[in-house]
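One structure coming up, written as structure tokens, with questions to follow.
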Amino acid sequence: MEQTEIQEKIFAYMQQMKGKKKLKEKDIIKKIMEDTSQDKDTVKKALRAMIDVGKVMYSYGGGSSSVEIPSEEYLKEKGLI
Amino acid sequence: MGGKYKTPMLDELEKGPWPSFVTEIKKAAKRTQMADDELGQVEKSYVTKRGYWKHGGIVGVLGYGGGVIGRYSSLPDEFPGIAHFHTVRLNQPSGFFYTAEALRMIMDIWDKYGSGLTNMHGSTGDLVLLGTTTENLEPLFAEYSSRGWDLGGSGSAMRTPSCCVGQARCEWACIDTMNICNEVTQYYQDQLHRPSFPYKFKIKVAGCACDCVAAIARADLSIIGTWKDNIRIDQAEVKKYADAGMNIQAEIIDMCPTDCMSYDGKTMKINDVQCNRCMHCIAKMTKALKQGKVKGATLLVGSKAPIVVGSLLSWVVVPFIELKAPFDNLKDLADKMIEWWDDNAKPRERIGELIEVKGMRPFLEAIEMPPVPQQVREPRKDPFFFWSESDFN
Amino acid sequence: MSLPERQTDIGPPHYEKFLPPIVKKNYGKWAYHEVLTPGTMVHVAEGGDKLYTVRVGSPRILSTDTIREICDLAEKYCDGYLRFTTRNNVEFLLSDQKKVDPLLAELKAKKYSVGGIGPRISNIVHTQGWVHCHSACTDASGLVKAIMDELHDYFTTKALPNKVRLAVACCVNMCGAVHCSDIAVVAIHRKVPVIDDVNVGKMCEIPTTVASCPTSAIRPNPKTKSITINEEKCMYCGNCFTVCPPIEIHNPEQDGVAIVVGGKVGSLRTNPKFSKLAIPYIPNEPPRWPSTVAAIKNILDVYAANAKKHERVGEWIERVGWEDFFKLTGIPFTFQHIDDFTFMRDTMRNSAAFKY
């Protein structure tokens, strides 16, 4: 499976869960491993590549870290769009 | 700039001999609106007896999830300068050593992008830069990282390891604390910057049982230097302490917790088999008594502050381990501990709490350590215990 | 203006870059050290080299201006080498003894507090407080300043039976080793939080919030899509506020500080100890917290008058017994002192032998 394909699945899952549950990196990797039968390292690599370009980002709240889809406002502040 | 606010409450804290944090904020407030608005908001807190900060959210540098803590005033209209007031954690060099040249460089960049206020240092050990905006984060990071300075940890991640001054300036350091600290920091860069753990994980390295970095009280993995063989005694130096007026019987012999020492006015004797290596006699008679030569560390696990179910002090899991660069044996053990914790912990559960829930046995089995009496103060009292299949073979 | 290219995961610079030549030369070869004055010590290497350390206090919050001034001093007297301690002191590292007195003179002229070495108090480890933290229920820096002003002589000159480690935490999260200090201040809440049902429903994960409570006082409330708190079980720890900020735990008129005593982290003589409750509540009294400062001074004075040489606060109290501690200090004993959280089994007396 191409990395872009895995990344599309990651993004779709994150969009689906937005506002329902704060997803930790581990939650996302576990779910996509199940859905795609890819190994942990491959999924993690795909997710990290998205984090590196700001497609998704680490967040902090409620005493722990999670991964979220950034708002347009934040991306503007960061100069990414 | 500066002087936008009247601060009669805070002005009271510029009186007295101890250096004043208010004076520090005022110095920065002469140059930055951020620090001036900070002064105004803190004055308000002193009147109303409450804080006005919000925190969290997506704030950081691209690719990292640690090192920046999002902080916002809850009164941005009243104090617009601190609408954003994020914290940046710069990973300190081991042992907190600096040159003036390096520190000035750090300050020059901070003056360009931030409030002009710092903490030297935060509780975990980072050099903390207090107060900047979201838009300044990327340039600030580019400036620091290109000059060899990286961010520390935050969130559910490996936190910036720290250590005592160790062999750089202490005769009691049984292990090279600064090298160990630097090595594990480098080894865990990914886990430090990208929060993927159930909760925080802290590592602290102390050179001896004096524990000047409080490793035993505030590190998930506490590494504390120790030795195995006999204490070396210089009888001539013992006599000099006596001649200088030390009451060796009262101050040393009677305070030995294992009652393993004697002194007849001429010769000091130590029954080393009974010594528990507490460091009292060595610390009080540093010229006369030296640790043995077989040196290493005790590894302890689990300490933390009260949240959630009460404070913990770390428990001994590995009584003695030799630690020689590049410390592969330590990294291997730490990996095993973290893997077991990561596989089993609920969100926001520290490793000490997980061991309490699961029991010490599965943890010791995961790190391949046998049970030994050094791990406990006393054996269990109740007749309830588990048996595994492996116990019957 | 273009920015330099960022690097990632390089870690901190290697400490060797910042070590004075005398330290590099004698790394791991120190023979002994002597405390010369409350603010100076000398470390002597096996080969005879001598390294002088001059320690000064700092408020931990430092402006870049002050750090530059410290850098100037380091360049003038110690070839630019300096370090910080785990308790936020600054240490000037001198290889030339002749420069020690001139440095001390300039530090005195510039009103730095020199001290903190040996059997006395060192700088107070503390947290961010109102200056920078969302969960603070007192101000750490202000308390530290007021306490250090009062105890200043114990930093700069006066000796105690042993070192006394002080700490201030602005809430029970305790960023710092407050729970194992000789004398520490920890800010506490005393009232059940007020729930903003609408925002709890919008902003918080209900299962996580329920799970955050150490006493199982929180239940989901399906009607409001929020939670309820059993007031009889709540111990006001504020962990629910941490995971779900619309559960407002702050109560400015009822929040305040507790004082805990007798903790230590070293294994010297006796095992490391947690600090235990001495005073359950003193109101917040900004800007200078006079009642809290007086209470700490009282405990320190009683310790200084009664402990044996080398006894830490906790060791002294264990020798004379807690019943004596309360008698000698005149601190009233209350229901709050009896553990009803996790340590009751270990802390109740089960012996017929005790003092009056």
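Letters A, B and C name the chains as they come in the text, with residue numbers starting at 1 for each one.
Heads up, the rule we're going with is that contacts are C-beta pairs under 8 Å (C-beta built on N, C-alpha and C of every residue); 3 or more make two chains touch, one makes a residue touch a chain.
This one's a predicted model, so the numbers in the text were calculated from it and none came from an experiment.
> Applying the document's contact definition, name the chain pair with more C-beta pairs in contact, B-C or A-B.
B-C
> Taking each chain's centre as the mean of its C-alpha atoms, which one lies nearest the mean of all protein C-alpha atoms here?
Looking at where each chain's C-alpha mean falls, the closest to the middle is B.
> Return the distance between the CA-based centres of chain A and chain C, expressed in whole Å.
Computed from C-alpha means, the inter-chain centre distance equals 38 Å.
> Which integer distance in Å separates the CA centroid of chain B from that of chain C?
Each chain's C-alpha centroid was found; their separation is 12 Å.
> Taking the mean of the C-alpha atoms as each chain's centre, how many Å separate chain A from chain B?
Centres of chain A and chain B (C-alpha means) sit 31 Å apart.
> For chain C, what residues touch not just one other chain but two or more?
As it turns out, chain C has residues touching two or more other chains at 208, 212, 239, 242-243.
> Residue numbers in chain A touching 2 or more other chains?
Where chain A meets two or more other chains at a single residue, that happens at 62-63.
> Touching two or more other chains, which residues of chain B qualify?
55, 63-64, 138, 347-348, in rising order.
> For the complex, give me every residue of chain A touching chain B.
These residues of chain A touch chain B: 24-26, 48, 51-54, 57-65, 67-68, 70-71, 74, 77-80.
> For the complex, which residues does chain C have touching chain A?
That would be residues 204-205, 208, 212, 239, 242-244 of chain C.
> Given the complex with chain C, which residues does chain B contribute to the contact?
Per the stated touch rule, the residues are 9-10, 12-13, 15-22, 24-25, 27-28, 35, 38, 42, 45-55, 61, 63-64, 71, 85, 87, 90-104, 107, 110-111, 116-125, 130-131, 138-139, 141-143, 145-150, 162, 164-165, 167-171, 173, 176, 178, 182, 185-186, 189-190, 193, 209-218, 250-251, 255-257, 278-280, 283-284, 286-287, 305-311, 313, 346-348.
> Residues of chain C touching chain B in their complex?
Touch list, chain C to chain B: 3-15, 17-19, 23, 27-28, 30-33, 43, 51, 53, 57-68, 70-72, 74-75, 80-86, 88, 90, 93, 111-113, 125, 127-137, 139, 141-142, 144-146, 148-149, 152, 155, 172-180, 208, 211-212, 214, 237, 239, 242-243, 245, 250, 252-253, 255, 263, 265-270, 272, 274, 284, 286-288, 309-310, 341-343.
> Considering only the defined contacts, which chain A positions touch chain C in the complex?
Per the touch definition, chain A meets chain C at residues 21-22, 62-63.
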